[in-house]
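Shared chain: chain A. Partners: chain B in the first complex, chain C in the second.
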Partner chain A sequence: MTSLKATAAALALLVALPGVANAQSTSDDATVDVSGTVAGLCILGDPSRTSVPLGQLINTSGPQVGKLTAISAQTINLPNSFCNFAGTNLRVSAQALLSSDTNAVQTGFARAVNFTSTVSNWATQNATVTTAAAAGGATPSAQGTGGTQPAPKIADLTLTLNGFTVPSNLLLVAGTYSGSVTITLGPAATP
Partner chain B sequence: MRLLAASLTALAALALPGTAMAQSTTATAGPFPVTGNVPGLCSGGTLSNANSSFALGVLIDTATGLRRTDLAAPPKILTGAFCTVRSNISISATALQSVNNIAAPGAGFSRTVHYTASASGWTTTPATFATGSASNPGSSQERSTAFQGDISVGIGSFSTGGGEGLRLVADTAYQGIVTVTLAVAN
Partner chain C sequence: MRSTYLIGFLGIVACAAPASAQSTGTVNINGSVADRCLFTTPSATISVGELAQPGSGTNAGRLDASKLDGQTRNLVGWCNGTAATMSVEALPLLNIDFTAAAPTGFDRRVDYSAAAVANAATATDTSVGAAGGGSAVSVGMFTGNVAVTLSSSSSPTSGLLVAGTYQGQVIVTLTPNVSFGQTSQ
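Presenting the complex of A and B:
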């Protein structure tokens, strides 16, 4: 009986061994990481228009003749603007409208038209700036910064120009007038 | 294979910080031009004293029937006149003439009083117009800059049409007109 049992065990081992031998020769494992990067990116959408022609700027009759006429708010939309990372803000810089006639202005006249530029729908605080050019055209540039957007965001931005004024509501000298507005979307400056 | 996997992971770990720094891109839109224009424009302002008449009163010396030699009237002020560009100021006038009695006056009489009108304050040299003169080259003056100011319009240097020895025909109204024009200079 003892011998028989030993024989039976030996047979079972023989049966099992081929199977073990096979598994050891065909299996191995290895890990290959797949990695990549996404660049931080801010894009401002195509503007709905590329210029803001205001036309004739003064009243030609009435008690305000020769002075700035009422100018309605002007808007430029920038749809699908986005940043794919957090901590971004808008900056807006503006140049007041100045007359092409650079001669010194006479008493009672101005050659500058100031206005407010606001870019909305990015952060809680809009980016806004109001130019403060002097009657003679000095200091036409101004910059403003909006609040920080704490998350990646895609949105339709709106640039609004309004609040057109002339220093002391003086008479405007004749000529062509030009100014500009530039919008920048990017990482907020590190404190 | 394990060695290869470890190497790739290490490379990725090294690359990520540098990539993160370069990711901070900025977008700019504009500059959007904002434009307008102001045309050359002149305004004559507002006439002072709420009326536009030089009231001279009785024109003759009732003792002689001849024109008074002390005719005078305060100037009229055009307040707040302006031009937004280089401009010309010009003045013209018509002689005082009897309004109702328009028949040709008889010998020794006249129905005309001449005078000189002037507009000052706009240009260094006032614009002047003498109704009795055949030509008035000084009636138009140019100012090279935009200007805002008051214009004083006056009349003076009266004379009797036809000669100082003529007497004026009677009429309840003698009338002339002074016209001041501000215009954009070409």
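Presenting the complex of A and C:
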């Protein structure tokens, strides 16, 4: 009987010990989940120049008189341009410089000045386009697309205008000439 | 007169019986209540939508701190012991869609501070820096709300936020400890 009592007491102790341990500490956790989103966004920095006055476009003397003069490259900066997502590219659309005089040009004359627009510092391949307006001003528009940037990026973009030419190097009719360049930064088109 | 004597005798017998045969047994009754804490409302959600500033100004695309700062939610719980403590761990919001290192000028992480208030005690933590919760504070015996409030949100470089979905979490822990001197002996 004594042995049985001792065994029972030992069993009771063994059973009781885990109960005591469990009673000591029952922590509990709770969570507040916090979430938000960030939409895809592309922003072009404000251009350093919104107009590019080229002044007199023709030579007023010499063997090339009346024809397009040499025009130096023009640069426009767009600082802190960015896209906050991957897979973006630049598109550049240019309108050749056309005379405001819309009358049909005479033989030997032109009313269009073509040029090349290049936007650099976004992807490996720059966005570039060269206008190909006819002497009479037809087909002044042209578009080009740059390579795809594979990561979010912030950069100072540079637009360079150069390669100014007149179809067949004809004489330019008098008047005011105007053209434009439009830059678009956004998601690359899905192939 | 005879009737009178008989009644007197019976009375003596009745009084003498307890002195010679009484016995008392005792059943002791005891129990215990362990120190314990429990959340009866163990989860809540703060969903703030767009985290970046709109528009096209110099701050466009950067964290709009007003979206997180001041956000508050109530959890509900209790602790039944005087030694109970509460601690908070704030885990940063991370972009779950863009997991690579953020390019220069960008951030894919939003930090903040979290405070939990229960029984007039406040436990805090910030998600900035090393992982791990804040210090435990004594919360004692209470039942009711555990108010969780966010503040001081920021991104590591104040940079542009990479597009995507951001998720973080505040973990509040109630620990009962031992308030009545019980040991495991």
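Points worth noting:
Convention: the second predicted complex is superposed on the first by the 163 of 191 C-alpha atoms of A that agree within 3 Å, B and C clash if a C-alpha of one lies under 4 Å from a C-alpha of the other, contacts with A are read in each partner's own complex, and residues count from 1 in each chain.
Quick note on the criterion: contacts are C-beta pairs under 8 Å (C-beta built on N, C-alpha and C of every residue); 3 or more make two chains touch, one makes a residue touch a chain.
Remember, it's a predicted structure, so these values are computed and weren't measured experimentally.
Look at A:Val181: by the touch rule set out above, it reaches chain B but stays clear of chain C. In the superposition on chain A, A:Phe85 makes contact with both chain B and chain C. Once chain A of one complex is fitted onto chain A of the other, the partner contacts of A:Thr102 are absent, as it touches neither chain B nor chain C.
Considering which of chain B and chain C touches more of chain A, the answer is B. By the touch criterion defined above, A:Ile43 reaches both chain B and chain C. Of the two partner chains, neither chain B nor chain C is touched by A:Asn169. Shared-chain residue A:Ile154: touches chain C; no touch with chain B.
In the superposition on chain A, contact of A:Val52 is made with chain B only, not with chain C. After overlaying the two complexes on the shared chain, residue contacts for A:Asp28 are found with chain B and with chain C alike. On chain A, the patch touched by chain B and the patch touched by chain C overlap at residues 28, 30-33, 35, 37-41, 43, 85. Those residues of chain C lying in contact with chain A across their complex are 32, 34-39, 41-52, 56, 58, 60-61, 67-68, 71, 73, 75, 77, 93, 95, 98, 100, 102-106, 110, 112, 114, 146, 148, 150, 160-178, 182-184. Those residues of chain A lying in contact with chain C across their complex are 17, 20-41, 43, 80, 82, 84-86, 151-154.
Within the complex, the chain A residues that touch chain B are 28, 30-33, 35, 37-44, 47, 49-58, 60, 65-66, 74, 76, 78, 81, 85, 95, 97, 99, 103, 105-109, 113, 115, 159, 161, 171-187.
Note for the complex: chain B touches chain A at residues 1-2, 4-5, 8-9, 12, 15-16, 19-20, 22-41, 43, 82, 84-85, 145-149, 184.
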